[in-house]
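Note that chain A is present in both complexes that follow, paired respectively with chain B and with chain C.
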Partner chain A sequence: MAQTIIFLILAAIILGCGIMAVTTKRIMRAATYLMFVLFGTAGLYFLMGYTFLGSVQVMVYAGGVVVLYIFALMLTGRQDKKNPTVSLAKKFAALVASLCGAGLFLFAIITHQFAENILTPPSEQTTPVSLLGEQLLSSDKFGYLLPFEIVSILLLACIVGSLIIARKH
Partner chain B sequence: MDRLNDILNIVLGIHVDISWFLILSALMMFIGIYGFLTRRNTLAILISVELMLNAADINFAAFNRLLFPNGQEGYIFTLFSIAISAAETAIAIAVMINIYRNLKNNFVGNLDKLKW
Partner chain C sequence: MFDFSIVSKWFHDLLTDFIPEWLVIGIECVIVLLFIIVLYAILAIALIYLERKICAFFQCRIGPNRVGKWGLLQVFADVFKMLSKEIIKMRQSDRMLHDMAPFFILTASFLTFSCIPWNKGLEILDFNVGIFFFIAVSGIGVIGILLAGWASHSKYPMIGAMRSGAQLISYELSIGMTMLTMLLLCGTMQLSEIVQQQADYGWNIVRGHVPAVLAFIIYLIAGNAECNRGPFDLPEAESELTAGYHTEYSGMGFGFFYLAEYLNLFICAAMAATIFLGGWAPLYFPGLDGFNTIMSYIPGFVWFFGKAFFVVFLLMWIRWTYPRLRIDQLLSLEWKYLMPISMFNIILMAIVVCFGLTL
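What follows is the complex of A and B.
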């Protein structure tokens, strides 16, 4: 199926750019690689047929969070000169720890018998956005009105809080 | 050319199921953990945290799409998760700008005023 090829391409982009984002020396390049990882994740959401989620991912992450990173990088100036690096032994220990953890996770995932549902091309009945909107704004049994409003209050608190934290004393 | 066609046919015969998404997100999670453990700049650490959050979001969406396609819980949870991680990023960057203003750099080795 075409899904397989698209998934493999997106997985290669995500893993390659992810590894580059955590190993590259320059922070600006790390932010750029992170942006490609986020685009790859958005591609996965589109592949699953969750188009609204993919658009939110592109808008919030690639359009908001990465721009915020780049602004913060530029505001905090050049720091490449005396960039302290971790010793090789610590890097090796971190690598061993992550490889062990990843091996454990992969073992658990591969040995577990999941339902044999395969990824089909997105069709009309895979979560229309209208249904999502009704569910987000309804207070019925499967409604999410309260979390929706709480998130809006959280965002307001976050705006006020970041202004207070970052203001000049 | 024949061999290429054979390979293409084999790849087209393989179907993506839930474990592919879980493996991808597990690898992404541990790439993030590796970055979190080895980086010394707060912004680079935040980039690694962002990788881990995205790995978790992929899991929510994949579980919803492939195991429970009739519900919308994973979809909506991912939306909330994206909103909350954006809020977290904004606060973290405000804190980092404050750190930079006080210490003139952003390295975690210098952040020991609150240690004892």
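What follows is the complex of A and C.
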């Protein structure tokens, strides 16, 4: 009962702020609404008992990505500049694209057979942090060492690329 | 040692006899929330009074002594003055973000505040990744400061917010690194377990000797910077930026920033007390049994507040002793000195733990 109430509140926050983020005219407000959406997602993780994942969500997205967005906006944008008005044809194209996307997602979600009967409901006791750490750094059958290293190479490539772009000849 | 969870369990069982459990949880949430808010307000008043008296002490002054006995009512007078002030509205500023920004800072402050273990069995938020959650939610405060600077639509708040963003993001690294160092020693991220370990085997700062003391010093420096307090108070440097990111706030808008600054100081000190100085664990000497029994009669929250206010005093001592740094000095202190030292310190702690050299 309590779980359902909290879930409904979080879902309302995520949906409401998501709609506000794309409809608002001011870009800084859009970034703020986006942050509320990300907080709501973190709340869902906490509700499911994935405390580590929830904390990572708050740290990486709310503490890192949104701060980067706001920094970039502060350094580049002017405050009184609002979004330019778009033409009717563009609006129509955007509507078609978003409806197609929504249709695809709904189709995938409705037709997919979720295995919720097989999985045990997660709780704080089932995923200790030490297990996560061992899985992340093990090279066994279900270890995640290779994906972990590949992601770090991707990040390195991003850093090198941005340095080359930023360098003045 | 008195275990507070007996009281909370008794209360929970008493309520579940009469009403359904989900409603009981709701009622308990409200009670806990009230407890947090009241404690927050009391601590803020105590800290502001302490700051004025300690500042006066370091500058060879007397400090507030007119309102009430020893100036005790001065803070209350200031609070009522602030409450009765007009909240100004500026043209061309983003009103919504401007009004919302102080609440981001308060949210971050409240969330970190509720991670603190006050006594044995008296924790509000206590789960398996406690310290990580603490570091994660403390990052929300940066957004509040940046939005406050942006939404004010003025030069000084903007510069103050940019400085503050750079400073907070840099010094968060050192805080995280020192906490990692202590996690190596404890082997757990749950705050109640960390304190329980220290009650059983001795305080972390003694157990981890050299690397722990190094980490403690780095934590104090970085913590002072995270709270935007002198010598790192350039985001609100009065002589250059009038008041930094909260220049354009009046009344309680400013009051919230002021409140959060003092409570962040306390939270920083309380975390230092929890991780390094044993939290609610009493002072024990191995061998002196009579002394140890007397010490264990003192309740845990007295120990906790004693240690936390000792660290608060240390931080205020630093603040009123050193002059303010320049922004390049501030950033080079973090990136060229504190970061490499704390990285080296993690390796040192790993060696100490690995070879069983802990005390």
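The rule is simple: the second predicted complex is superposed on the first by the 121 of 169 C-alpha atoms of A that agree within 3 Å, B and C clash if a C-alpha of one lies under 4 Å from a C-alpha of the other, contacts with A are read in each partner's own complex, and residues count from 1 in each chain.
Throughout what follows, a contact is a pair of C-beta atoms (placed from the backbone, for glycine too) under 8 Å apart; a residue touches a chain by one contact, two chains touch by 3 or more.
On a predicted model such as this, the values are computed, not experimentally measured, just so you know.
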First (chain B), second (chain C), both or neither touched by A:165: first
Partner chain in contact with A:1 - chain B first, chain C second, else both or neither: both
First, second, both or neither for A:129, with chain B first and chain C second: second
Partner chain(s) touched by A:29 [first = chain B, second = chain C, both, neither]: second
Touching partner for A:61 - first (chain B), second (chain C), both, neither: first
Partner chain in contact with A:37 - chain B first, chain C second, else both or neither: first
Comparison of chain B and chain C by chain A residues contacted: B
Chain B versus chain C as contact partner of A:51, first or second or both or neither: second
Residues of chain A at both interfaces, chain B in one complex, chain C in the other: 1-2, 5, 56, 64, 71, 73, 79
Of all residues in chain A, those that touch chain B in their complex: 1-5, 7-8, 11, 14-15, 18-19, 21-23, 27, 30-31, 34, 37-38, 41, 44-45, 48-50, 53, 56-57, 60-61, 64-65, 68-69, 71-73, 75-77, 79, 82-86, 90-91, 94-95, 97-99, 101-102, 105-106, 109-110, 112, 114-119, 126-127, 131-132, 135-136, 142, 144, 147, 151, 154-155, 158-159, 161-163, 165-166, 168
Residue ranges of chain C touching chain A (in the complex, touch as defined): 20-22, 25-26, 92, 94, 96-97, 100, 127-129, 132-133, 135-137, 139-140, 142-143, 146-147, 149-151, 153, 158, 161-162, 165, 169, 189
Residue numbers on chain A that touch chain C, as the complex places them: 1-2, 5, 26, 28-29, 32, 35, 51-52, 54-56, 58-59, 62-64, 66-67, 70-71, 73-74, 79-80, 124, 128-129
Partner chain A, residues of chain B touching it in the complex: 11-12, 14-24, 26-35, 37-41, 43-44, 46-48, 50-51, 54, 57-58, 61-62, 65-67, 69, 71-72, 75-76, 78-80, 82-87, 89-91, 93-98, 100-101, 105-107, 109
